[in-house]
Amino acid sequence: MSCLDPQEKERVAYHEAGHALAALSVPHGAPVHRVSIIPRAIGALGHTLQLPTEQRFLMTRPELEDQLTVMMGGRVAEELIYHGEISTGAADDLERASELARQMVTRFGMGTNLGQLTYGRSLKGRYLSSWSSEEQNYSEKTAELIDEEVRRVSTECYERAKTILTSRRGDLERIARELIARETLDRRRLQELLGSSDTLTEQASTS
Amino acid sequence: MSCLDPQEKERVAYHEAGHALAALSVPHGAPVHRVSIIPRAIGALGHTLQLPTEQRFLMTRPELEDQLTVMMGGRVAEELIYHGEISTGAADDLERASELARQMVTRFGMGTNLGQLTYGRSLKGRYLSSWSSEEQNYSEKTAELIDEEVRRVSTECYERAKTILTSRRGDLERIARELIARETLDRRRLQELLGSSDTLTEQASTS
Amino acid sequence: MSCLDPQEKERVAYHEAGHALAALSVPHGAPVHRVSIIPRAIGALGHTLQLPTEQRFLMTRPELEDQLTVMMGGRVAEELIYHGEISTGAADDLERASELARQMVTRFGMGTNLGQLTYGRSLKGRYLSSWSSEEQNYSEKTAELIDEEVRRVSTECYERAKTILTSRRGDLERIARELIARETLDRRRLQELLGSSDTLTEQASTS
Amino acid sequence: MSCLDPQEKERVAYHEAGHALAALSVPHGAPVHRVSIIPRAIGALGHTLQLPTEQRFLMTRPELEDQLTVMMGGRVAEELIYHGEISTGAADDLERASELARQMVTRFGMGTNLGQLTYGRSLKGRYLSSWSSEEQNYSEKTAELIDEEVRRVSTECYERAKTILTSRRGDLERIARELIARETLDRRRLQELLGSSDTLTEQASTS
Amino acid sequence: MSCLDPQEKERVAYHEAGHALAALSVPHGAPVHRVSIIPRAIGALGHTLQLPTEQRFLMTRPELEDQLTVMMGGRVAEELIYHGEISTGAADDLERASELARQMVTRFGMGTNLGQLTYGRSLKGRYLSSWSSEEQNYSEKTAELIDEEVRRVSTECYERAKTILTSRRGDLERIARELIARETLDRRRLQELLGSSDTLTEQASTS
Amino acid sequence: MSCLDPQEKERVAYHEAGHALAALSVPHGAPVHRVSIIPRAIGALGHTLQLPTEQRFLMTRPELEDQLTVMMGGRVAEELIYHGEISTGAADDLERASELARQMVTRFGMGTNLGQLTYGRSLKGRYLSSWSSEEQNYSEKTAELIDEEVRRVSTECYERAKTILTSRRGDLERIARELIARETLDRRRLQELLGSSDTLTEQASTS
């Protein structure tokens, strides 16, 4: 972490704290295993590790919306703490959130004005095996509807993350300060920091 | 099935019960050979096996609409039972339904405002042999008309499935509970569960 | 033919009878050599064989409109006999009709608002030798005009086929019943069935 | 020519007579070397041979408009003689006319609302050497303007050909009848048929 | 030059005289080294050689507008002398002018409503090394704005060339007649023809 | 530098002085290591070297806006000094600025009406490894929104650069004159020229 200057280190700490606190606050958030400001991949910043959401067979709409809300938590934290001065640090989160919101609308039939249909035909084949693309098999007007629904879903989850982190700003600061001091927190340390109130919301109870 | 948690198992059971009950309720539904919450392919959930609709030479519009209605049955059951909390489990159904509704409109001349024409030219060839695509040989305005008709057809069948499953909610619950208990039901067991009333509607009588 | 069930067999008989009767009724219809409910190719249904329209050097607009009307005869017969319950059996007819109507408008300058011009540039070449496509070298607005004209031409011929088969419903039923009984009819048998009145219209007299 | 039936032969004769008479009537028409109802290529009908317009270094707009008018002469003759019953015989003429009208507008700056500019960028290269295409480097609105101008130019020349052939219908019939009788006419025979009046208009005098 | 007929030769002479005189009249015109009606490349007509504009590191907007005006000079001369009967001879000039006007708007930020931005992303790469294209990375509405600005720039320079050549028609005729007589004129001969008045404007003085 | 004529040399000097002075004036400008009118690459003009902005892990929106403002400084200086007569010298700056402004809007979620989403899917793969492109996975209406936001961001930074250089015109002239005399200035020489007032703004203090 020696290559991050103190200002960057602080920002990464708040960013990851935002993810972790959002994950601990949504009803279907998978348990937070670890949160850290040490990168796990080249080019990445810190990381927040949740288990085991990814292995699920079925995901319900509320669960997917919770995932989106957690993805938004990093940028929301930056926006709150730095008075709207957002950074490039959320680029990967936004890309994953865009992909998920788009799938909700075009693959899972979770839009509101688009019928019980999927949109887009994937192009796969031997020749293009290493290249995945998608054919737009719908009209421009449908493309507009899709964009509007994708924007609506992502904006709702962003606002939801903002509501959560605003109401728990003390916890956000506590996690971030601890991250700056220790760089990595495990699940037990998070629970100690936040007290017993979170053990309840961690259970996936329908909100 | 050990990898499904109890909540997922219950949802899959209702999903498949929805398909099976829709298939038993539409006038041209092919006989339901088996319904199960055991997947038949990697990544799939349960399955409902109908015979032998696929081998038919000709399909009439009412028959295709019945197929669409059966495909919608899984998601409709989830929506009814879980108070609108739909899941990703219907993604494959929606993809097949989209493909079929689109073919009805663009290949079989079953739209209402598009004339007695086919739309789209398939691109096939030696070079691209493993890749099938379709060239849009029509205007944006026609693309909008196609999208509207495809949405109308699919929405009608979705509403039809909802009407069926709502009116037979008792049967839906009975099949689902039995699936949770036994995982797979054959045709005879289904008939026992539902009584003799279904033997009539199983015959392909024009509604 | 053993693989067709009796309902399918009846529908194919009416479908082919529709083609044959339309061919015998339009002024420039090529003589009907044979009509049959036995398929001539895998995936096809029955067939109606006309000679020798395809070898002509020049085709006039009335002749092409007659061809379109004959192509529409199959679906029109199904629509009349089965009270609007059309089937997938007309898919190939509609594809050929679409291709022909499109060529009339874009290759033969037979549209009404598109000027004395051709539209679209075919892409051919060594590299893509097995793949034929067409480059859209015109605006979206022109694409709309083309779609409208193609729809107008095909709808006119569909309505014309409906007028013909409605007015000769007795003949339609007679040919279909004979096809169900004998599966294939040659030209002489068709003339016996329909009486001498058709020998007149078979001559290509301008209507 | 044995494969053309008498009706086709007559139509081809009028079609070629239309080209020849238009070529003899426009101020910049290249001299007609030969006119014939014998095809010069597989798939072609008759031919009208003009010399040596193609070798010119520069072509003026009036000269190009005369070429377009000559191309339109074949279809115009069919339309006049057969009371509007046009045929597929003009397909090649229309394709060449479209290409020329399009070049006038997009390559030679001869449109009226498109500025002194060229439109479209040709794509050529080693990889695609056998395939020539054109990249649309302009907006949809410009594409509409181009289509309108191309249609205007071609329609003007079509109307001009109609005016010419209508006013010289006697000559048109005389050439066609002679073509039916002799199949091919050379320049001298054409001059004998039409009298000395044409020797004047053959000179490229500005109308 | 033996292959040009006298009419073509005259037109080429006026065309090149138009380029030369425009080059001598604009404030930033590079000195005219030679003007000739002898082609320098296959398919080309005459040529006007200016030195050394092409080697410049920086070009200002007025300098680029002067280049455009010189490119327009050939067609403007034809239009003036032949009463609007333009020819195909300006095709290459228009292509170069289109390319330059387009670059001014999309590469050099010289448009008026498009911001300080470049538009279009060039596609280059190993695989497509012999083929250069450009990806449209902007909306249709922006494409319309670009087309409008490109048309405005080129029209302004065309009108400017017309103003110049109209006011110096005597010089235009003098250069053209001399070109018809001698085929090629060098810089000294041009100066003799035009008198000392041009020695002033040849200097690149800001207008 | 012998290949630049004096006028070009002066223009390059003002251009680079514009970059340097903008870099010294914005709150998050990286220190200017060197400014020179000697090119560092073939085809380039002078250069202004800042350290070490490029190595940063995170960039905030104000920092990116400062980068854009510095990129605009070159053209703004030309516009101010030469009374609006801009040149091709800013082409590279504008390309980099367009790329950055576009990334802010489509990758970093820094637009105002586009939601917390990314736009565009990059196409990468083995087959096309040397060719990077981007698939437009959004509607035309979204493309318009993106263009508007990109234009707004770049225009704001351009205006900001204009405000800075207008208010410090004396410093701009001083740096340019020194560059014409010495060709290259290092950081110390810049500080001597501008006095101690800049040592303050060079610190990255939030404005």
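Miscellaneous remarks
As written, the chain order gives the labels A, B, C, D, E and F, with residue 1 at the start of each chain.
To be clear about the criterion, contacts are C-beta pairs under 8 Å (C-beta built on N, C-alpha and C of every residue); 3 or more make two chains touch, one makes a residue touch a chain.
As the structure is a prediction and not an experimental result, all values here were calculated from the model.
Between chain A and chain C, the least number of touch steps comes to 2.
Any chain that touches chain B and also touches chain C would be listed here, but there is none. Because chain E and chain F share one sequence, their contact can be compared position by position; here under half of the interface residue numbers appear on both sides. With each centre defined as the average position of its C-alpha atoms, the distance from chain C to chain F rounds to 66 Å. The distance from the centre of chain D to the centre of chain E, with each centre set as the mean of the Cα atoms, comes to 33 Å.
Shared contact sites, meaning residues of chain A that touch two or more other chains, fall at 127-128, 140.
In terms of which chains touch, the assembly is arranged as a closed ring, every chain touching its two neighbours and no others. Contact residues of chain C toward chain B in the complex are 3-4, 8, 11-12, 45, 72, 75, 82, 85-91, 94-95, 97-98, 101-102, 127-128, 130-131, 133-134, 140, 143-144, 146-147, 150-151, 154-155, 158.
Those residues of chain F whose C-beta lies close enough to touch chain A in the complex are 56-62, 64, 107-110, 114-119, 121, 123-128, 135, 137-142.
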